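Each of the next two complexes has subunit A plus one more chain, namely subunit B in the first and subunit C in the second.
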Partner chain A sequence: MATVQVSEAEKVYILHGIRDDLRVDGRGCEDYRHMEIETDVVSNTDGSAKVSLGHTAVLVGIKAEIGKPRPMAPNEGYLEFFVDCSANATPEFEGRGGEELGKELSNTLYKVFNNKHSVDLKKLCISKGEHCWVLYVDVLLLQCDGNLYDAMSVAIKAALFSTKIPKVHISNDEEGGKEIELSDDPFDCMRLDVENVPCIVTLCKVGHRHVVDATLQEKACSVASLIISVTHKGTVTCVRKMGGGSLDPESIFEMTETGKRVGKALHVPLMKLLQQEESLGTRQKVGFLG
Partner chain B sequence: MPVDTRRVRGPEVSQSPLLFACKPAAVFSSHGPRADGRQRDQVDVRPVFVRCGLVSQAKGSAYMEAGDTKLMCCVYGPRETERKDDTDMKCGRLTTDMRFAPFSCPERGSWIQGSQDKDFSLMLHESLQPALCLHKYPRSQIEVNVMVLENSGSVLAHAVTCASLALADAGIEMYDLVLGCAIRQDGASYVVDPTYAEENGNGSDSSDNQGRLTLAFLPSLNQVSGLQSDGEMTEESLSAGVRTCIEGCYKIYPVIQQALAKAVRRAAPPPSES
Partner chain C sequence: MAADMRLPNIRKLVSLSLSAGDRRDLVVPGDVITSDSGFMRGHGTYVDEEKLTASVAGEVQRVDKLICVRPLKTRFNGEVGDVVVGRITEVQQKRWKVETNSRLDSILLLSSVNLPGGELRRRSAEDELTMREYLLEGDLISAEVQSVFSDGALSLHTRSLKYGKLGQGVLVQISPSLIKRQKTHFHNLPCGASIILGNNGFVWLYPTPGQQDEEAGGFYTSLEPISLSDREVISRLRNCLLALSAHKVLVFDTSVLYCYESSLQHQVKDILKPEVMEEIVMLTQQKLIEQEG
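This part shows the complex of A and B:
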């Protein structure tokens, strides 16, 4: 993980600030940084989104391909996650350096989506036991400035929202074989219901308090953080303790409560924003990263 | 690569016959007592069997059995660190490796460490690290290897307990033992220390509030060193689950202490009064 060197004096400054609910960049303890979301950014994907949160930038592309359902769940499609830590983000990721972090992030994503309601997997089935849609969710980290989990989960939700899966028709030929026909009309497509897709909230324990959306400097002051993925209803789909320190039970209860509140509050403006962007239609694009 | 043309080789991918069974072998019912006679909604952990120092080559080792879950752990080190490029040499390094024997689960696994095993290794690392006095071992690394011989549920929780026991047996300085406990939330009720069937079963028809939670706990410091959950849970049942897991950890605490005391006594028998 990209790290910064923070001196003792800086640490004390950050710690004392957070104790008084005042962070270095002027936010309160439960505030996010400025977030920008853009969907449909890569034309070769079936759905894509770019999210920047402060100086953290994440690009998610979703490709739908036809595969064979898993034998354990013959009438469901599935999602595959892959996180790539680009060497652009920090030189540490060069070569195989980012592999470990990428594995960690993608394993967490599998956990986050390991429930029945996040994505309706039955909708991804084309014919039982034979064909299904496999959604390859590829996450690319472009810039690291703390709080990768939250940015990543918002980007995935936005990308899933914009995903358009072409409709397919199955016809039986004379010999009893099945044939898959893809619709010619590019507008004849299936959309996913992303209402229940959870967002991740990372809470960093700094001193005796916890902060949402920690920057790298704040992260350097904390020994342990808790990631909580929350749906719009407030259901928790994944919790995980990260970092080398331990937490006392009481602060875990406080943190899950804050996580639920912050996560629930994150979903409403996000969905509104995504629908608003959708209604704007195609727009003139000037530059991509700008 | 030479190809064996004389034999009909099996298909490249094979599946367990269990998938073709009409009914799943072990149905996890959501009512009534559990298959092994334990109670639901109670901190009813499986009786555990623990032994220290079974592997003579290792610095410390432990073997643990809970129901049918069997795992062993070996600790090597502290020894000189392999990676010289590490900037932080003031602290020791802890490396964890958790593997499943290919025959440990109902479906055959591969010998190569999959991404799930890596995830378990990482969780084990994060659960154990807060308990170790790593600053006492500068420029050295401590290796923890866990091998799961039989997976009958709650593997991670027991692996944490077993690994901390092996670390203690190896004489590594620690702040506290680390104990693990897992629960499976099933609607309004829960089962503590779930078996494999309970862990992976579908549970009751209403698919709400179905989740799994594993917790690692430092009993004498009252600190949670590891926490992970998946599935769906309300915040209330999550908090209740954390409390239940802590209670479960206290239940196995005396057994672990006893096993450790026994190992120490065997290593250095008290002077006989003659």
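This part shows the complex of A and C:
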């Protein structure tokens, strides 16, 4: 992971600032940096989104392909996650350098989405036991400036929102086999219900308090952080502890409560923004060169 | 809890000065500088079909028959006498390696620092062994460029009480081209904080120190908590610096101060929002033009 060096005195400055609820950039402990979200930025995907949070930039593309359902769940489709760490973000990711982080991030994503409520997987089934939609969620980290998890989860939610899966028609041919026909009309498509897709909130324990949306400098001052994925109703779908330090059971409880509150509040502006962008229709995209 | 989400907008730079199109000395890669063959090819240029062409975006400089292009987006090219802020990356025998945003790590020799106990102290073998007690990996220092080695690496010195280890404060990194060269790069701003504008684009913001203890030779750092009001001023200045650098405004004491004054009607955390940033920088530029005229 991209790390920065911080001197002892700088650490003390950051620590005292967080204690007084005034962080280096003027935010309070539970404030996010301002976030820019745009969907449909990559034309050759079924759904995509780009999120920038401070200097962190994440691009998510979703491709829908027809595959075979898993034997354990014959009437459900499934999601596959892959996280790629671009060497653009930090030179450490060059070659195979980003693989470990990518693996860790995608494993977390599998855990976060490993429940019946996040995405309605039954809707992805085409014919029971034979065909289903597989959604390949590809995440590309373009820049790292702390808080990768939160930016990534917001980007995934936005990309799932913009995903358009073509409608299929199944017809039986003469030999009794089934033939799948994809609709040619680009507007004849299926949309996913993203209401229940969780957002991840990362809480970093710094000193005696915890902060959300930590910058790299703040991350360098923290020994342990807690990752909580929360749905819009406040249901927690996954909790993970990251970092080498230990957390007091009491502070874990406190952090989960904060995470739930912050996560719940995070969904409201996000859904509002996505609907607003949708209602604007064909807006000129800013993309990557804005 | 506050989360501000928005659609991205196409960014445009706030500019009240002449449009760049009127400036003949600003070039982008591929621009023909001259088709006259009487000139010599310097840094940042190449000859394409007998025409001298720019290979980097920047300002054309001519010395006699030699034409160079000084790039605007570049690492720090140090010159003797420059004030820099840097971070120690390595402790070696008789010297420290310092990250100063140049192409090569700069060097701070043990013999070019002021050790506690006066100017004329001999450096003994013990001093060599206790180098880590003075400066540790990750520590920030302010220093001056003493000389430039043949490979372009810088040799620094801190042989003055104003240089040395930096204590509590905030480092802001901006492009070295945005720092205006001035007589002094150390300022005590009237808003209640101090600033070191390193020529290398590293800007250090810290609370204005009270009486300094001269015995420590600049290696003592106070870890006392800083008051909330000082903190707020420093955070505001930090965000102002980032706003100035986002809109490519030259950074020097006056511009920072004007920007700070223009930002006072906004909350500290709101300064980094694009529309607020634009407004503040616009006000700053107006003030700067008024002051010039």
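List of remarks:
One rule holds in what follows: the second predicted complex is superposed on the first by the 287 of 290 C-alpha atoms of A that agree within 3 Å, B and C clash if a C-alpha of one lies under 4 Å from a C-alpha of the other, contacts with A are read in each partner's own complex, and residues count from 1 in each chain.
The working rule: a residue touches a chain if its C-beta (ideal position, glycine included) is under 8 Å from a C-beta of that chain, and two chains touch if they have at least 3 such contacts.
All values derive from a computational prediction rather than experimental measurement.
Overlaying the two complexes via subunit A leaves subunit B and subunit C side by side, clear of any clash.
The superposition places the C-alpha centres of subunit B and subunit C at an angle of 110 degrees about the C-alpha centre of subunit A, rounded in steps of 10. Applying the stated contact rule after C-alpha superposition, one finds that A:Gly234 touches subunit B and leaves subunit C untouched. Using the contact criterion defined above for the overlaid structures, shared-chain residue A:Ile37 touches subunit C, although it does not reach subunit B.
In the superposed model, A:Asp25 makes contact with subunit C only, not with subunit B. Residue contacts after overlaying the shared chain place A:Ser222 against neither subunit B nor subunit C.
Within the superposed three-chain model, A:Ala9 lies in touch with subunit C and out of touch with subunit B [touch as defined at top]. When the two structures are aligned on the shared chain, A:Thr202 is found in touch with neither subunit B nor subunit C.
Per the superposed model, the minimal spacing between any CA atom of subunit B and any CA atom of subunit C is 10 Å.
Across the complex, subunit B is touched by residues 71-72, 103-104, 106-107, 111-112, 114-117, 224, 226, 231, 234-249, 252-253, 256-257, 260 of subunit A.
Residues 1-11, 87, 89, 136-140, 166-171, 221, 223, 225-226, 228, 231-232, 235-236, 238-239, 267-269, 271-273 of subunit C touch subunit A in their complex. Residues of subunit B touching subunit A in their complex: 15, 19, 115-116, 118-119, 122, 126, 129-131, 207, 209-211, 213, 218, 221-235, 238-239, 242-243, 246.
Of all the residues in subunit A, the ones that touch subunit C in their complex are 5-10, 12-13, 16-17, 20, 22-28, 30-38, 52, 212, 261-262, 265-266, 269-270, 272-273, 276-277, 283, 286, 290.
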